[in-house]
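Next up: the structures, one after another.
Heads up, the next two complexes both have chain A, just with different partners, chain B and then chain C.
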Partner chain A sequence: MNMITFLRKRLLQMLPVLFGIVLIVFMVVRLIPGDPARIMLGIRASDEKLAALRTELGLDLPIWQQFGRFVGNILQGELGNSIFYRRDVTEVILERLPVTVSLVVFSVVLSVLISVPLSIAAAVRQGSWIDQLVRGISTLTLSMPGFWLGLNLLILFAVVWQLFPISGFGTGFVDIVWHLTLPAITITLSLTPILIRTLRASLIEIMHAPHVEFARTKGLSEGRLIRRHVLRNGLMATVTILGVNIGWLMGGTVVVEYVFSLPGIGALIVSSISARDYPMIQGIALIFGLLVILINLLTDLLYAALDPRVSYD
Partner chain B sequence: MTEAAIVAPSDRPRPELAAMRPSVWRRHGGLITGAGILALILLASIFANYLSPYDPLQQNLRNTMQLPGWDHPFGTDNFGRDIFSRVLHAAKLDLMIGFLCVLFPWILGSVLGGIAGYFGGIADTIIMRVVDTFSAFPFLVMVIGIIAILGPGLISMYIALTLAGWSMYARIVRAEVLVVKKAEYVLAARALGFGHGRIMFRHILPNVITPTIIFAMTDIVLVILSTTSLSFLGLGVRPPTAEWGIMISEARGFILTAWWMVTLPGLAIVLVGLALSLFGDGVAKWLRERG
Partner chain C sequence: MGTGTELFRRRQTGVALAVLVAGTAIAGVATAQTPVEGGTLTVARPADVNLWDPKFTNDNDSLWAQGQIFANLLQNSPDGTQTLPWLAESYEINDDSSVYTFMLRQDAFFCDGSPITAADVKYSFDRATEPDSGVSWQFPSDPVVAVIDDHTVQITLSRPNVAFASYLTLWGSSILSKTYAETVGEEVMAQEPLGSGPFCLESWTKGQEIVLTPNPGYWDDTQPYVDQVVMRVVQDDNARLLQVRTGEVDIALAIPFSLAGALDGVEGVAAHMQTIFGSAALVPNMRTVPAFADVNVRMAMAMATDKQAMVDALLFGNGTPAQSPFYGPGILFWTDDFAVPYDLEAAKALLAQSAFPDGFSATLIVPSGDQLAQGTATIFADQMAQLGIEIIISPVEAGTWWEMWSTGTFELVYKLGTNDVLDPAMNIPFDFWSKDEGGSDAAFSGYRNDEIVRISMDAEAELDPMTRTELYRELQQIAMAEMPQFYLFHPTTIWATRDSVHGFAVFPTKAHRFWEVWLDPQ
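And now, the complex of A and B:
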């Protein structure tokens, strides 16, 4: 099966999930107890304004027509108008998306750079002091809530030692990296233990796989064994584990952006809830859902590209 | 161990026991430590009223933001409330929320996964497509979306975490049921004409439950981190209730002046997380060894 057929099949499989996500996002407004227009605009809103919002959201139509219109709008990239910003939701999200994406990319790079070498060290010397140490530290950082970790990093590195800024995003590459360092470290500290746990286990499994055992009996040195056989498989395991945990990572950005006052879409969804800005909540939830699906698809493709045994089927 | 017990002379049990101790400790040290810390935390939460030196809600505006010291082991907050007493009182609430937010998804997911695996066909297809959809959503975003619908609060948080968390349990149970339902004892039960309910609960359930418990043990750490995060974001338990996430959230405005308001309540969460991780890993290991 070639790449195109694989892609087509994979995209077809995504359709029901896509439909489900759109349906859930659609229901966010429709399931609000009481009159959604009244809840969004507040008790002092005039009847004209309420009626205008109902028409804008299509709340006066039969439910199936509402859904049709909703899907049609999404396909045209129209997510409605923000109640709070009084602007197009898509515009606001697109403005803030680069912040969240930079944070995610920075955190993933940092997490991989830390967890891959540590997992290899722990797996190769299973049961040794280094293995114990890596596992102990992972268990410890896994138990730390991201918001608490972030605030403590702020106190230490921004208040006491003043090495990093307290909040904001910055302009230009170096400035952005400087602003994102503490947030990215916060996410890394929660993501790394999850990666290490799974990666260490799969590396140990790989090291006892028949082909590796055979290479060992052939007299291949442990160093070459690791480079030739374990690393490649370990890399693939990392890709899979990252794909599985991308949802967890996105959730992490919500908390971390809020703690560090980063102008990304994670912090925006939290403030939109207190502002009862439902079109904005819908837009961000949709974007998050789509990103996760997209990243899972990319993971599958990357996996197939890395592993010669996986044909696209 | 059993062999040793058989050959050991019955009048000399002491050396055998002494030899056993380090090996039990080595194999189940994490489990014992975790269980010990958990027991202490549980006791502290139950007897919070007697153990805490002050009333957790008592304000004292002449004694605000005191550094930790002899009078106030964790210091005082911006209202002059004793942080140590608040941390102790919050334990009961936080532990209960964590436990229920694992119990509800566990029940819902196991029932739906059981139905999907046992009956197969159209029920399986529908339930598993729903599972796919629910697991495609980023966990916290889904939780926040549901809380957006229902409005922030404790009940909303229970519902949101149940709806966001059940799908993994459904997956696990379905996979196990698919294997077990072809086992001879189940086929025999069916041949005997037992009803579906009896087969599911008496024959299949006890044999598929172990992996879900192992998963729940790691899940509960993440759930407690999530529930405190939600309260921190202002989407879960509301102030002035003493709850770890809220306490840290209220302290956020004072990081320039009062580090202890942030750092010390968080240590409670870390301690619970650590104890649960050790305990959970230990139980999982023990269950796997038992087979």
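And now, the complex of A and C:
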């Protein structure tokens, strides 16, 4: 199977998964108690006004009809109108998605840039002071809660030294990078230890594998050995972990977004659930589902690029 | 204005004095110095605006921002004690308070330079009372708006209501441009509003920043003083505090009680506080818990509640115990003459006389994540345990809390209500009326007292202030003897300013005005 056929097959497989996500989210948000009409009109609204709004929003229709409408809209590329913001759901999500995506991408790039050299250094000198130091720092940063770490970074770098802004997203590439540095470091400090642990362990294992020992006895330099035989194999496990974590990070940046006042998707999820904004919750779930599936697909493609033994079957 | 040190000195000398001191200090600054024009005022606020359409606004952060760009016919005085003309230059009320006639200013303009006319007022009010409106409750007694001429509007009510004027200070009666709304449509209007007040919306970077500039058509030539207001969204409490400390912002709003002390001794920054027109209370459901239907039980529980302990522990002393069903000492007709003192022994004696002498248990629902609610519930449960009443605290997600309360499927619920106008009439239908009278089934608890309903309806129609005072006195007396809710405390709101900021205060309604603020020249 070539890559195009593989991609086509995987994209087709996405459809039932997405349908499943939509169905589950649609049902779950309606199972939890809470009335969007009441939340929108307030505690003083009369029964008549509540009933009128429910009719206007289609909330009094049988649930299968509501679902039918929703799926029909999706097929036409529409996610509906937000109950809370009274605007097109897609528009609101697309305003905020770039913030979260930029933050996740920046954090992942930073994490990889930090974890790869540190893991190599720790694995090559297993048991040495460098190894101990890398492992110690990893355990320390892993055990720090995100909000605490973020606040301390804020105090140190934004208040005391005033190197970075306290909050906001900024405009233009350089300004955005400047604004996102502290939030990205906060996430990086949580993500890097996970990557280091995985990569270090798999590097150590591969360094003792027969083919590496054989290459070493052939007189291959340590640097070339690591680059050509160890790192490439070791990265497989890291790519898996990274894939899973990126999916999780897309919705898991809420605390960091809160501390640094980033107008991302995390805060939108929380406020939409509180407001029982059904169309918005469904829209976010659908787009996140899509993103996670695409990230998994990319991960699979990376496997094939890293390891020639992996085929597209 | 006070300094951080002053804030904590005030705390020791009593909250009533503190409010007096804060009010005097603010007024003193405004009169003792001449305001200076110019500069950019930067404010850190905890949340963004969701939309700029008052008709669908239900959250404080949106309505306080809308209050900077939209004007109303009337406004509250800065000290929160009077209702004053604003877009209306003057107004007349007929003999029985059923017809209100407003004469509009002729020198008031929207941000696009078009004049504000009676047609805009009628359009705004008619729209706000449509069935899908979230603010129609702000228009009691079924008002019908008629345009008399370009600058005269007449509002006729279905029944006399002397409190009606005070409702016209609320965000629901913000004046919008009819022509603009009809040209651009509702959706655009909610994103790109056309101001009728002191400021215009210059730009809105969603989730980040709102920039306001003075409305060139605002009739007061002296205000706003500043050239620009930048409202930054800074969600985290600590981050807002840090920004005002470092001078990144001039004002930080909504400082939590627990963090106000962090500004103590910080040079160039001061914390301020204001007791709000708001009450924390617990509503007992008389339908789901038979014991709550027994007035002796309710009175015993009220007597066994040490409200001062709650104020001290939860608000760090920055609040006052509630002594009336009205939402604070600043509210018109409020009296503490019928306050129920804390008396555990008397409470035990009263419970012994009730049909539930051995106590009972009830579940108290509080919105999860609300620290004040959970703290209140914990202290209340401890205090009730001394009576032999078991209070089981159940934190539920905010939407679920809302649903359980409004459908009456609760036993005991925590609420923090506010009175956004000076007149107590605003909350009476919700707190005391049944659905038949257009109320809320007495806050969804099933409580009903025909006498209170009659008194409150008479008071709404009563023109004579003395008679009205007597009626509301009687209402408070009955309520404090029946205790349909456990009235707990009135919290304060805390904010911080740089010393270069003058003329800024948060009102007891929690509204604030940036057009009265001026800055020291740079």
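In this text, the second predicted complex is superposed on the first by the 262 of 313 C-alpha atoms of A that agree within 3 Å, B and C clash if a C-alpha of one lies under 4 Å from a C-alpha of the other, contacts with A are read in each partner's own complex, and residues count from 1 in each chain.
Convention: contacts are C-beta pairs under 8 Å (C-beta built on N, C-alpha and C of every residue); 3 or more make two chains touch, one makes a residue touch a chain.
Values in this document were obtained by computation on a predicted structure and should not be read as measured data.
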{"item": "First, second, both or neither for A:145, with chain B first and chain C second", "value": "first"}
{"item": "Touched partner set for A:38, first chain B, second chain C, both or neither", "value": "second"}
{"item": "Which superposed partner A:121 touches (first chain B, second chain C, both, neither)", "value": "neither"}
{"item": "First (chain B), second (chain C), both or neither touched by A:281", "value": "first"}
{"item": "Touching partner for A:159 - first (chain B), second (chain C), both, neither", "value": "both"}
{"item": "Touched partner set for A:56, first chain B, second chain C, both or neither", "value": "second"}
{"item": "Partner chain in contact with A:273 - chain B first, chain C second, else both or neither", "value": "both"}
{"item": "Partner chain in contact with A:46 - chain B first, chain C second, else both or neither", "value": "second"}
{"item": "First, second, both or neither for A:176, with chain B first and chain C second", "value": "neither"}
{"item": "Shared chain A contacts, counted only where both chain B and chain C touch the same residue", "value": "32-33, 151, 154-155, 159, 258-259, 273-274"}
{"item": "Touching residues (chain side chain C, partner chain A) in the complex", "value": "48, 50-51, 53, 56, 58, 131-134, 136-137, 186-187, 190-191, 205-209, 232-236, 238-239, 242-243, 245-246, 248, 397-400, 402-406, 429-430, 435, 438, 440"}
{"item": "Contact footprint of chain C on chain A as seen in their complex", "value": "32-35, 38-49, 52-53, 56, 84-87, 95-96, 99, 151, 154-155, 158-159, 162, 166-169, 171, 258-264, 267, 273-276"}
{"item": "List of chain B residues in touch with chain A within their complex", "value": "129-130, 132-142, 144-145, 147-150, 152, 221, 225-226, 228-229, 232-235, 245, 248-249, 251-252, 255-256, 259, 262-263, 266, 269-274, 276-278, 281"}
{"item": "Contact footprint of chain B on chain A as seen in their complex", "value": "16-17, 19-21, 24-25, 27-28, 31-33, 139-140, 142-148, 151-152, 154-155, 159, 246-248, 250-252, 254-255, 258-259, 269-270, 272-274, 278, 281, 284-285, 288-289, 292-293, 296"}
